[in-house]
Amino acid sequence: MGAAEAAETLRVAERAEVGEALGAAGQVRAGVRAYRMIAAMWIRSTMAYRASFAMAVFGNFAATGLDFVGILLMFSHVDALGGYTLPEVAFLYGTAGAAFGLSDLVMGSMDRLGSRVRDGTLDTLLVRPVPVLAQIAADRFALRRLGRITQGLLVLGYALVVLDIEWTPLKVLMVPMMILSGAVIFASVFVAGAAFQFWAQDASQVQNSFTYGGVTLLQYPPTVFAKDLVRGVTFVLPLAFVNWLPALYVLGRPYPLDLPFWLAFLPPLVAGVCCPLAGAAWRMGLRSYRSTGS
Amino acid sequence: MESDFIQLDGVEKVFDVRRKTGRLRREKTRVRAVDAISFSVPRGEMVGYIGPNGAGKSTTIKMLTGILTPSAGRVRVAGIDPARERTRLARHIGVVFGQRTTLWWDLPLRDSYRLMHRMYRIPDDRFKVNMARCVELLDLGELLDVPVRQLSLGQRMRGDIAAALLHDPEVLYLDEPTIGLDVISKAKVRDFLRDLNTERGTTVLLTTHDLTDIEQLCKRVMVIDHGRLVYDGALAGLHEVGESERTLVVDLERELPPVEVAGARVVKVEGPRQWLAFPASVSAAPLVAAVAQRYPLVDLSVREQDIEAVIAKMYADRSAL
Amino acid sequence: MRLYAVVAAGGFRRHATYRVATAAGVFTNTVFGFILAYTFTALWDERPQLGGYDLSQALTYVWLGQALLMTAALMGGGLESELMERIRTGDIAIDLCRPADLQLFWLAGDLGRAAFHLLGRGVVPMAVGALAFDLALPADPFVWVAFLVAVALGVVVSFAIRFLVALSAFWLLDGAGVAQITWLVGLFFSGMVLPLTVFPGGLGTLAQALPWSALLQIPADVFLGKHTGWGLVRAYGFQLGWAALLLTAGRLLQSVATRRVVVQGG
């Protein structure tokens, strides 16, 4: 090895190390920048067809709306479901819906990873100078998903007006806190689910059970479900932290499984743990793809 | 440094392939898609990389672009290790996958280019110049506002080539750039690539099934088969390596039994016309003299074997081993 | 007729090749089955005999819904987007030139698809549901046969609706919005969210008169033994009536669209 080459190797190694150290932060910054660019382009192109866009937003809104109509129909027959009144269920519904809607808006395209692996178009993303995750997440960015968020927030608004809660500053703070942390938790599920598709390309449906299934579950009070199911979504896949635990604190209701009351304040922490885990799963999946090519 | 602008040193890629052997049973087999390949390409060269399906062409390109990590060996492109610094390398290279587009399927061409502009952080003036050049030379003017999915294959390919070049890459990889194109589109693409290489000095590595691409564009050709590099050199030299034969076509005065001369054999008879095969390395003159001496000759011609047949023969010989 | 049998078999096989997708889908159906089963249990605990079902019948309804979700294409069956894409790209002109009827051709393919989904996506979730909960499974084999007939008729109605939706792409720039809205309305009025018998008053009457009730509510009621004797004939008649009406509408729309294609030359 010549001296020049040795120096070059060293330089490359250094750069790689610096890259690693910058790593997380630098990658995230690059990813956010790329995400914004791609999303902006999709928004511009959707806006070219304003009529269809308006229709799509309305459709999205109505879709989730009918979902809530189902709950209203249930309450036309009963006064309480699992011991919870309609406004209380609406509170759960609204917080879960808004959190999920937010992550669906930002990360909803992740479930197309499998088909991109299958048709080989993932390779075209890998030769670009921006993070692949951002490219996939922003692909076909669909502003129509605002419909779901809007609907969730409307139901939440109704619940907040009707509910008789003794508000404390802490409780007030907890509402936006659980929506944002919940969105991050759901986003982690989207990413982890997509990472799974590196191995099982046709399995995007599995992800749906945890995302769409998860939000359906969280719309109802935990008292409705079997204890094992509640345990699963508390300790294994921490969906209970999206809204159940913080919402029950706000509502002043007993927690399931006799869990300690301070768990209600953990959602930001849980979200903070979920992110790197999902990121690690993603990197593992991508590494596996890059070593096997399929 | 410049003589090994692209450098591969004992590069291997091994895949585990699971094959179904029964209803539920699966067998794992190791496949060496790329087997100890070494070559280097100096800056500014235009090289053809050819081989049959599944020979390892695409796998090599994927390792050169950083999509795949090699199982063993060393890869350097412009001094960068593609596997480790994929995103940094991306600014130095342009890639065109013939069978899939890098453009955004549902958006007009113009939007894809705008996004490339931002994504690669191309300075505005460079972008304008490159864009104007591509639009002119690749004839894209009227296509800019058409969504990619509505473009014909040839139009899309031209669009893709432009997209790969807007950031002034030093290397351009083309994976089957003329596949499925009509004759006119093929000619356009080839002209453009030739200009790019001579005027800009862009290094080009080209995989193709169409040997006319190679004949018209590349002085150097590498042949890969079963993951191994079986030939690397001038296009002309392929004939010698391939133990190729030339053909002497003779028109006799009338229909005669097959001609018998030393150093050649008759491969085909059609009325008074006969085809004689003889080694490409031997001069045709003594053979012609021998035939003329003993047979009533009306006309004759010598045919060089085409490169396609040479390569086919190389493959056949290898698999016969 | 042979042609359409081949097309149907093709539709079956085409979906059968995606094994991992099928397994993943079964998993999802099962997860949703559990979630809904618990919410229905909570509801029927409060109001036993709601909608004329006892708890075990209500749970059976939940799992039937999961089993038929794909079969009756309650959330869309791929046909819409595929056919719309062909219309948008102009490939539809090729289909119209084929010596086969466009509507029958696609119907045959869709029946093949439905058959696969009934077996591939329906049986396992239903079996899991039956193991985990106390379901009201019919003892009489005749009921099972009657159920399968009702499912088949439901699929035809489902197809007729989706065919109409797909043809809208001839007139609309982006048919995806229409498709989405019909899925939603369909999902709600098929009884997927709640059995239509639980819908109150006028809404209930309306919902049970709309074509979507032929997709899930009627097959489920046949399965639960709510339609027997002349009731069964009436239920079939309802499904057949909607099928005939909607298929005819599709035919009319198709001929108008064909004229349009011919005039515009694709």
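Letters A, B and C mark the chains in the order given here, with residues in each chain numbered from 1 onward.
Just so we're on the same page, a residue touches a chain if its C-beta (ideal position, glycine included) is under 8 Å from a C-beta of that chain, and two chains touch if they have at least 3 such contacts.
For clarity, every value in this text was computed on a predicted model and none was experimentally measured.
Student: Which chains contact both chain A and chain B?
Tutor: Touching chain A as well as chain B, we find no chain at all.
Student: Specify the chain most distant from chain A by Cα centroid.
Tutor: The chain lying farthest from chain A is B.
Student: With centres defined from CA atoms, tell me which chain sits nearest the overall protein centre.
Tutor: A
Student: Let me have the rounded angstrom distance from the C-alpha centre of chain A over to the C-alpha centre of chain B, please.
Tutor: One centre to the other, that is 45 Å.
Student: In whole angstrom, how far does the Cα centroid of chain B sit from the Cα centroid of chain C?
Tutor: 51
Student: In whole angstrom, what separates the CA-based centres of chain A and chain C?
Tutor: That gives a centre separation of 30 Å.
Student: Which residues, counting only chain C, touch chain A once they are in their complex?
Tutor: Within the complex, chain C touches chain A at residues 18-21, 23-25, 27-28, 31-32, 34-36, 38-39, 41-43, 46-47, 50, 172-174, 176-178, 180-181, 184-185, 187-188, 193-194, 198-200.
Student: Under the stated contact criterion, what part of chain B meets chain A in this complex?
Tutor: Touch residues, chain B against chain A: 1, 15-16, 59, 62, 65-69, 71, 79-81, 83-88, 90-91, 93, 95, 97, 99-102, 104, 106-108, 111, 114-115, 118-120.
Student: For the complex, which residues does chain A have touching chain B?
Tutor: Those residues of chain A that touch chain B are 4, 8, 12, 15-16, 19, 30, 34, 37-38, 41, 44-45, 119-121, 123-124, 126-131, 140, 287, 290-293.
Student: Within the complex, which stretch of chain A touches chain C?
Tutor: The touching residues are 49, 52, 55-56, 58-60, 62-63, 66-67, 69-70, 73-74, 76-82, 200-206, 208-209, 213, 216-217, 220, 223-226, 229.
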